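Would you mind keeping the following structure in view while I ask a few things?
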Amino acid sequence: MWDWRSQPLTVPSVIAMLIGAVVILLLALGVVTYTIYVQRRILGWMQLRIGPNRVGPLGLFQTIADVLKLLIKEDVVPAKADRALFMLAPIIAFVPSFTVMAVIPFSAHNVFTANLGIGVLFYLALSAITIHGVMLAGWASNNKYALIGGMRSAAQMLSYEIPLGLSLVGVVLMAGSLNLNDIVLAQQHAGLWNVIPQILGFIVFLIASTAELNRTPFDLPEAESELVAGYHVEYTGFRFAFFMLTEYMYLFAMAGLCATLFLGGWSGPLLPGWLWFAIKVFLYIFFQFWLQATLPRFRVDQLMTFSWKVLLPLALVNLVLTGVVKAIW
Amino acid sequence: MSEDREHRTPPKGPEGKEPSVTAAERPKPVSKPAAASGAAVKPAPPKKAPPPPDPRVEAAKAKAEEIRKFIDQQLSTEAVVETGAAHIHPMLLIRKEDWVAVVELLKRSDAYQLNYLECMAGTDYPNYIEVVVYLQSTELGHFICLKTRTDREQAEIPSLCAVHPGANWEEREIYDLLGVTFTGHPDLRRIMLDDDFKGHPLRKDYSAWEA
Amino acid sequence: MSLIDEKDQVRTEEMLLNLGPQHPSTHGVLRLLVKINGETITDVEPVIGYLHRGTEKLAEDLQYTQIIPYTDRLDYLAAMLNNYALCHTIEQAMDLEVPERAEYLRVIVMEMQRVASHLMFIGAYLLDLGAMSPFLYVFADREQIVQLFNEICGARLTYNYMRVGGVKWDAPPGWLEKVADFVQYLKQKFHMYDELITGNEIFLARTRGIGRFDTETALAYGLSGINLRSTGYPWDLRRKKPYSIYDRFDFDIPVGQNGDCFDRYYLHLLEIKESLRIVEQALKSIPSSGPVLGKVPKMIRVPAGEYYSGIEGARGELGFYIVSEGKDKPYRLKIRKPSFINLQLLPELLRGQSIANVIAILGAVDIVLGEVDA
């Protein structure tokens, strides 16, 4: 197992780390680009239409064209906006979304993974920072829709952080470690993916992560039909692209987390580890798109009630059950 | 009908001749005021001998008379200026001072229960502006037409909002497009046009160029 | 400066939120000035007129037949019904006979139009509530109706199909069979809609008990159509004041129980079923041939007088009030616009609600701005 921390901090190792980060960034960007493409194709298929098929073969370059368009668009900062915060917000939102990739083990040889002992906590802590970016964006835009969207987003992400965190604790108890690599190894060792013994936790995780990602049916912060676009309504061009990037980056990261924690990560028979990981990630992402094509949106108060009165008790029950079973075994 | 003439709104110059035209038109199975206006705007094309009266129209007229008697009894004999038929529906012309009282009476009365305001329209005639409401009793099935008139220059009619809340926007629309002020209306502002729009387009003398 | 005053209560301020006229969920150019306190609405003021084209004024300078295309542009989701409402009023005024085949064709296209309009409502309403797919599903089905209309009158949205005394075109060969096929097809689809939407917990949670009003309020505000029927009051002009040949058909008037948004949604679905029943019956008994335009004078002159008649439109009672001097143009034409009147209740419905309910309630009132603003 490769471990960055055991390497001495020399010039070549720093350069290697930098290269590693760039490679991961490029990988993540590639995944995001084609996640968006796949999303549009899947939604198109589910909604009796075709989806993008014009730019490049099968429309494969559609997202690239969209990104290019966003990059060359005028960068508008509203006159009454809080300029400094307005420009800072997308960065605050994006940086953690990329940083969390550091702890996700992509494959058995995970060269590019920081083998952190507190991997799960690291993920939760960093992803919470994005909320600040979203809230700041809503506030700095000086737009009522953006403000409401930002506030809703903050309230929602905070409320769902708790069941999400608790649902992970069950897995952590099973493996006896917060290190994501160890969790994968524990599953491999047990010969059983956590999704089966932790089914309750998995359900809570699935729901809470959907809410964390602001995806249907929890897409209130950017409810098109109510808030126009939520917190990023005033953003254009590159800054808007950053918010979109953040969103899909988290989708990828959350899928990675789900695969690692509940579906055995890169472990699996026959196929190479990275392919198993990719398949599991894709399953999670597909599930999200499927939800998006199927469900209407929750109402904001129902959303909160659901988190505190349903998910949180469920997560606690799961935690207690896991603890009891673990103690008896 | 001579009584009615006395109780009309204070006669203005050209308006005085109006009831007599109405009287002349009486046998026709069409409503009088509209026919009257036709006569007043431009001479209507010469009519042939009137066709045999339509039984539906006769029934409507009889019913209008009956409602008039009811209103006379309950309210005052001066409230109803005229009765007749609007096509095949009973029609009563109400003095504008009694407008709200009559509509309310007909809504509350057990005999008619005209609880549903189906249509409200204003029309600009050469000498007056007329506001028409079609009232429906959803329980008893009565369907009648009530109308009232106001002077064109100082168009003012009491608002029906208190009786039929649904008249709110209709009255605003009539105010907007015809310039009738509905006294007692809770929120009388223009509804279709800009607040700073000049003139009232549905008036016949409105010209987009002069405004 | 502290946000907390002595009584330890957070000081709050009312916020004025401007919804529209460019807003994805106002179905056109409706503008709502919403005063909110936190997430609770304290007052709503609808601002309309952005689409005002002065149809009533324009009609005064048009011959009766020329007005028909203008009615297409009122409630552009149910143009056939608008066409009919005007022709019906004129026919009533002139005591015109309409040939049998024309009456049947009218009923078929009107009920198909009602289906199309209701489908559109269901799709748009679900879109308002955040579900994207139903919108595209109903469009696929509505498209078939639009294609059928295209075949019979050469237009997809603004049909201009009815004429005083009948219809403009007879059905092309094979058209009636296509309609029959479509009815069968939609009947099967109907269950899919019912299962996919009506049983969805999130949808139920967002619409059950939301935006309630009772029959008394509905009648006082002059509401009509599904808005009135959702309160449990079976007021359908096709039954209450039968026009055309509706007295020959066997169909039910579905009514709601609670007068909430869910009832209004569900009645749309049920009415689609009833409309399909009517179309089926009409297809069975339509005369196989015959004129489609009655004996109508070249120049239509409505006898002097005033006329009002209303029909059951897709959104409520659609009526035309005509004052005529006996000329070829109306002296005054007033439209009883169901959307316009139904919209009046909106401020009452929204006061005290959460801002998140605005779209659910507004969507269920089912307005078309082309009609509201006329």
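When the chains are written out, they are named A, B and C in that same order, and each has its own residue count from 1.
Basically, contacts are C-beta pairs under 8 Å (C-beta built on N, C-alpha and C of every residue); 3 or more make two chains touch, one makes a residue touch a chain.
Here the structure is a predicted model, which means the values were calculated and not measured.
Asker: Given the two chain pairs A-C and B-C, which is bridged by the higher number of C-beta pairs in contact?
Answerer: Top pair by contacting C-beta pairs is B-C.
Asker: By Cα centroids, which chain is closest to the centre of the whole protein?
Answerer: Nearest to the common C-alpha centre lies chain C.
Asker: Quick one: subunit A and subunit B, Cα centre-to-centre, how many Å?
Answerer: 67
Asker: Distance-wise, how many Å sit between the C-alpha centres of subunit A and subunit C, to the nearest whole number?
Answerer: Averaging C-alpha atoms per chain gives centres 43 Å apart.
Asker: Give, as an integer number of Å, the spacing between the C-alpha centres of subunit C and subunit B.
Answerer: Distance between chain centres: 28 Å.
Asker: Would you mind listing the residues of subunit B that make contact with two or more other chains?
Answerer: Expected reply: no residues.
Asker: Which residues, counting only subunit C, touch subunit A once they are in their complex?
Answerer: Against subunit A, the touching part of subunit C is residues 15, 17-18, 23-25, 39, 126-133, 136-137, 140, 200, 202-203, 205-206, 354-360.
Asker: Considering only the defined contacts, which subunit A positions touch subunit C in the complex?
Answerer: Touch residues, subunit A against subunit C: 43, 46-49, 144-145, 148, 216-217, 219-220, 223-226, 228, 292-302.
Asker: Could you pull out which subunit B residues touch subunit C in their complex?
Answerer: 28, 30-31, 33-35, 37-38, 41-42, 44-45, 86-87, 89, 115-119, 121-124, 132, 134, 138, 141, 143, 145, 164-170, 173, 177, 190-194, 201-202
Asker: Which residues, counting only subunit C, touch subunit B once they are in their complex?
Answerer: 48-49, 52, 54, 56-57, 92-93, 219-223, 233, 235, 240-241, 303-308, 310, 317, 319, 321, 323-326, 331-332, 334, 336, 340-341, 343-344, 373-374
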